[in-house]
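Both complexes shown next keep chain A, but they swap its partner, so chain B is in the first and chain C is in the second.
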Partner chain A sequence: MIVVFLTPAVILFLGIFLYPIVRTVIMSLFNIEGVTDPMKLWTFVGVDNYVKLFNTSLFRTASFNLFRIWLYGGLIVMTLSLLFAVILTSGIRGKKFFRAIIYMPNIVSAVALATMWLQYVYSPRFGLIKSILETLHLDNLAKVQLLDNEHKFMALVLAYCFGMVGYHMLIWLSGIERISPEYYEAATIDGANKIAQFRYMTMPLLKGVFKTNITMWSVSSVGFFVWSQLFSNVTADTQTITPYVYMYAQIFGGGNTVTERNSGLGAAVGVLLSLCVVIVFTICNKVIRDDDLEF
Partner chain B sequence: MAKKEKEKKVREPFNAKREAKLIPGYILLIIWVAFTVCALLWIVAASFSTSPEIMKGQTLKFASGLHPENYAAAWSSNNIKVFFMNSAIYAVLGTFFTILISAPCSYVLARFTFLGNKVLSSSFIVAMSIPQIMIVLPLFGLATKAHLTGTKIILILLYIGMQVPFTTTFLMTFFANLSRTYEEAAAIDGCSPMKTFWKIMMPLAQPGIVTVGIFNFMNIWNEYFISLIFGATEKNMSVGPGLKSVLTSMQYTGNWGGLFAAVIIVFLPTFIIYVVLSEKIIAGVTGGGIKG
Partner chain C sequence: MKKKQIMSVLLCGVMAVTTFAATGVSAQAADKKELTYWSMWNSTENQAKVIQEAADAYEEATGIHVNIEWKGRDVKTMIGAALDAGEAIDLFDDDFQRVVEQDGKYLVDLTEMAAAADYEKHIMPVLLDQAKKWGDDKLLVMPYQPYTTGVWYNKDLWEEAGLTDEDVPETWDELVAACKKIKEGGSGLNPMTCDSDFVNLLYGFQLARYVGQDKVMDIINNCEWADVPEAKKAAEEIQSLFSEGYMSEYAPANGTDGQSEIGYGESIMVLQASWVPNEIIQTTGTEVNWGFFPWPAVEGGTDGIEGSMVGSQGFGIVAKSEMQQEAFDFALSVCTGEYDLKMAESVNSIPADTDNTQWPAAILGAEPFFKNVTKSYMWAVGFQTNADYKEIIQEHLINLATQKETPDEFIEALAAAKK
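This part shows the complex of A and B:
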């Protein structure tokens, strides 16, 4: 019975995860003209693909963009989501309502969400941000073209963060709610104010949750693709390009980026991104230890 | 004791001093929520408006009345109908088969000790954090070899495969928490282990299965990258890439009302599910393991 129950899942796992992962790693060491070429047409080039990637300025730009999205976006999302989680657990009314609305962008198609931002919120003619700034009589700010090359990147990061806050807020919430309220009662009796309680009780006890949040954030930002595609009119928009977009253009879509046809390069991009996730995960595990506290 | 106090808190009468401390929190939350709701309502309003009115910034006045024909136009003339149906097929079949395959696997992993149990369950967790870019190239090669590119079958297969690790991991907590007495009682009554699973354990894990089913449905509905690569033709596209191609063409034709109507059409299915089941979904995000 064990065998019967496991077989379909295991076969799917081997076919859709294990075999492709191994093959991608191998592919990254070869020069391959077409994605579908059989192995005998591959030529071994060793780490040449990686060297070539690092020497391609467009790929460097793409990686740097991704890094900035990860860092700036991460700071914004982690701060806001933790703030909202703390507010929601401070005993306010309508907690469920607020929580539901803040999480909502996560269940909506990213294309629809990005369209909302691009065509409405950032619109230079009738946009929400423009209207708000005009009502506040900040006319100079209202004139800023939010989607020109200068501001596009920040616009992209903000729109992306807006959607991600809800998910990370839920992870924080689950961590905070696990801490027994009796601890806080004891701390209040001992004279610790809310801020001290947060600093010396909530924060240390949330270390494990913080790790989960960082890992999840890294996993989702590595796959940064849809938003980037929607915010750019051309394939190789240096403001918004990310490694995913680069790889997609390299292998599947012509566009204006392709200098040479080589699927090995695409595979190498995949390997590098996976390495990033592994590195972030390892650093998190090394730096943040959550096993020294029991509660 | 703690529980009793919690209940008391809910019925606590209005306490001006306590509420005053919370005002900054309220303000922040209300700004955020107001922003979300405004943006959303504006899109809804625009989808019932006309292009000249939207351009003039008079969307909310409805000077020429409501225009539900935007929806009819978006639905039929721009292929949204096709994308919508495709996504429905992918999401429904994908969810069904994912659960059919994951639930037994999850049950066995949670309930029995055998060689490779740990390896398999940790492999599933690793698989959840692998970037799709890592697997997509060989899969494309395989699909071409099997002559499956340009069919709906390949997308359904891929969606099932990609949801299995998450679904299996998610359900394991549910199966692990069920009491062993059910199986013992069934065994005494002469029920075979397999029958026990389908007749007794599956129905008992139903809350978990419903939650994970909703997640699968929404993930597949909103999926973009895989659909873009494997559903290359308009015939097989799901709503994600489909909506994008509609947007591109509508920007050139300048039919803004239709554009926003298309956005709402794509947005509605998952939104309705969320309105009805938001509590269950929110509890599920962190309740049953980690979402990948």
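This part shows the complex of A and C:
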């Protein structure tokens, strides 16, 4: 009987999850022109695709960009989202309103958001930042082109973070609201102020949520693609390229012209990115232990 | 009770009649021939409207319905996978080089059908040569909506800046002189502008004028930047356009902000493909009185104004299609004759059919030069052909334009960059 109930789930799991993973790993060992080419057209190259990736300066640049997005963006998003979550759970008025406002960028299409940042905020002609700086008579700063090679990366990260804060704030909120208010009442009676309560109660009890947030952030960062595409028009550049964009260019070709394609190389990028997420998840599990507290 | 029985009988009757009628309709539908066409356009684009009109006319004339799926530019990523998966597609379109080089394995050789319809004489020789070269002498693509590339300028602003037709440059020195005259004329207009994605056109054209397309590819493929003195010379000259203040202060601009300056009446010239007049109308809503001249020749250069980046969109007919002839006939109706002319008029593009000699007014200035193009350059003279290298070239070109790198540093950086 158990077999009857399990079989559909097992078949679906094998077909939808395991098969693509195994096929991607195998593909990464071959040179494949078109992503759907039959196996008879594949050429076995062993680990050459991986060697080529590590020797390609553009892929190294893309990986470094991803690391910077993960690190800088992670610091900004985690800090801001936690701050908002703590403020919203501190009993302020209009909690639902502010929660909706902060989450709103998540329900707006990334294309619309990026267009807003590019055309409205960063525009060197009439951008919000330029106008503010000019109002403050900081004319030299107002002349800085925020979308040139020097500043484009940070402009991209800031815009991306704006869209991500709300999502992670909700995860923090759910964690904080799980903590019984009785603990805070007891702490208040014992004389602990808000900062001490946050430092010695909220933070330790949010370790599990922190782990979830880091994992979710890593997964979404690894798939960094749309924002990169939107911040670079026809072709990606060294400030906006990420491994996903590089993978896309290898599989489907990039830019206005015909470029050499190798889906095997693209698959190798996919395998490496998956390994990155697994490594981050494993490190999080080892470093952050949330099974020492029960509440 | 009796009422219920009567009602049941009536309902059964209605069901039977409906089923019979539906079967009849579907049988009739199955009899009707249908072509499936995956399009690179979105249904709201002007090109799509002309193609839809051509499809309706084709159906009226032949009774064959053209089922058009508007896939947009993503057709380039989807078509191979779809055909491999057995999707029944009779024809599709995309950039004509990509149709041949990337998807040629799915396509039928059109040589015989073209001969029967005497089609080749309708194709511009420069496009036909390219298509056959990529297709190993087979005709795998039917070009339409061709483009050429050169300097587009706002004639009214040109005159406002105190220049006449005699100032239209043919050489690099004359271009610099024209820029200088505009800048010093006190009109406040920027002589030129550009967008960051198209700095490669500026440097690409200048380098190709010195050494020709093939040598440019050698430089890219073998990292010969430091060994070819013209590479540095071209870098110096292009940088001088920026350092001398001949470019807009926002250039190289993000997106299409640079080219829009022409429509806003701030800048006079932009180096772009022949789609730019249409794009500027769409973006700024301004009808510009356009002039055109090819990128100028340089002293001692291999190529003159006979070299240009030309290309087009193109239809490919799928080899597995059971309606190849019908697909060819439909594509032919778009690529030639009335609908080719309609396409040209609706998007200000070059007519593909050599019999259609009337160019839209916006791009008319390019006509005499286009006819004399004998050397076809790749897009951005091939700076985008290497997926591992193009972003690096792009980065240093922007640095060159923004003067963050000297021409020496630019050459050094590109020579050092490993492919």
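By definition in this document, the second predicted complex is superposed on the first by the 270 of 295 C-alpha atoms of A that agree within 3 Å, B and C clash if a C-alpha of one lies under 4 Å from a C-alpha of the other, contacts with A are read in each partner's own complex, and residues count from 1 in each chain.
The working rule: a contact is a pair of C-beta atoms (placed from the backbone, for glycine too) under 8 Å apart; a residue touches a chain by one contact, two chains touch by 3 or more.
All values derive from a computational prediction rather than experimental measurement.
Visitor: Consider chain A as the common anchor and indicate whether chain B and chain C clash or fit when overlaid.
Guide: clash
Visitor: Applying the touch criterion given at the start, work out whether A:Gln250 contacts chain B, chain C, both or neither, answering first, second, both or neither.
Guide: Second partner only, chain C.
Visitor: Applying the document's definition of touch, where does A:Ser57 land relative to chain B and chain C: first, second, both, or neither?
Guide: second
Visitor: Applying the document's definition of touch, where does A:Gly208 land relative to chain B and chain C: first, second, both, or neither?
Guide: Neither chain B nor chain C is touched by A:Gly208.
Visitor: A:Asn149 contacts which: chain B (first), chain C (second), both, neither?
Guide: second
Visitor: If you tally the residues of chain A touched by each partner, is the higher count for chain B or for chain C?
Guide: Partner touching more chain A residues in the overlay: B.
Visitor: Touch check for A:Ser90: first (chain B), second (chain C), both, or neither?
Guide: first
Visitor: If we overlay the two complexes on their shared chain A, which of chain B and chain C does A:Pro124 touch? Say first, second, both or neither.
Guide: The answer is second: A:Pro124 touches chain C but not chain B.
Visitor: For A:Ile101, is the partner it touches chain B (first), chain C (second), both, or none of the two (neither)?
Guide: After superposition on chain A, A:Ile101 lies in contact with chain B alone.
Visitor: In the superposed model, identify the part of chain C that clashes with chain B, out of 73-81, 109-117 or 235-243.
Guide: Stretch 73-81 of chain C has C-alpha atoms clashing with chain B.
Visitor: Do any residues of chain A touch both chain B and chain C, and if so, which are they?
Guide: Of chain A, residues 35-37, 125, 252 contact chain B in one complex and chain C in the other.
Visitor: What does chain A use to touch chain B in their complex?
Guide: Where chain A meets chain B, its residues are 1-2, 4-6, 8-10, 12-13, 15-21, 23-24, 27, 35-37, 83-84, 87-88, 90-92, 96, 98-105, 107-112, 115-116, 119-121, 125-126, 128, 167, 170-171, 173-174, 180-182, 212, 215-216, 219, 222-223, 225-226, 229-230, 243-244, 247-248, 251-252, 263, 266-267, 269-271, 273-274, 277, 281.
Visitor: Okay, in this complex, where on chain C does chain A touch?
Guide: For this pair, the touching residues of chain C are 76-77, 80-81, 84-85, 95, 97-98, 101-102, 195-197, 250, 253-257, 378-380, 382, 384-392, 394-395, 398-399, 402, 404, 417-418.
Visitor: What residues on chain B touch chain A, complex-wise?
Guide: On the chain B side, the touching residues are 2, 5-6, 9, 18, 22, 25-26, 28-29, 32-33, 35-40, 42-43, 46, 54-57, 59, 101-102, 104-105, 107-109, 112, 114, 120, 123-124, 127, 129-142, 144-145, 158, 160-162, 164-165, 168, 193-194, 197, 218, 221-222, 224-225, 228-229, 239-241, 243-244, 247, 256, 259-260, 263, 266-267, 270-271, 273-274, 278-279, 281-282, 285-287, 290-292.
Visitor: Which of the residues in chain A end up touching chain C in this complex?
Guide: Chain A residues touching chain C: 34-38, 55-59, 61, 118, 122-125, 145, 147-150, 233-239, 241, 246, 249-250, 252-261.
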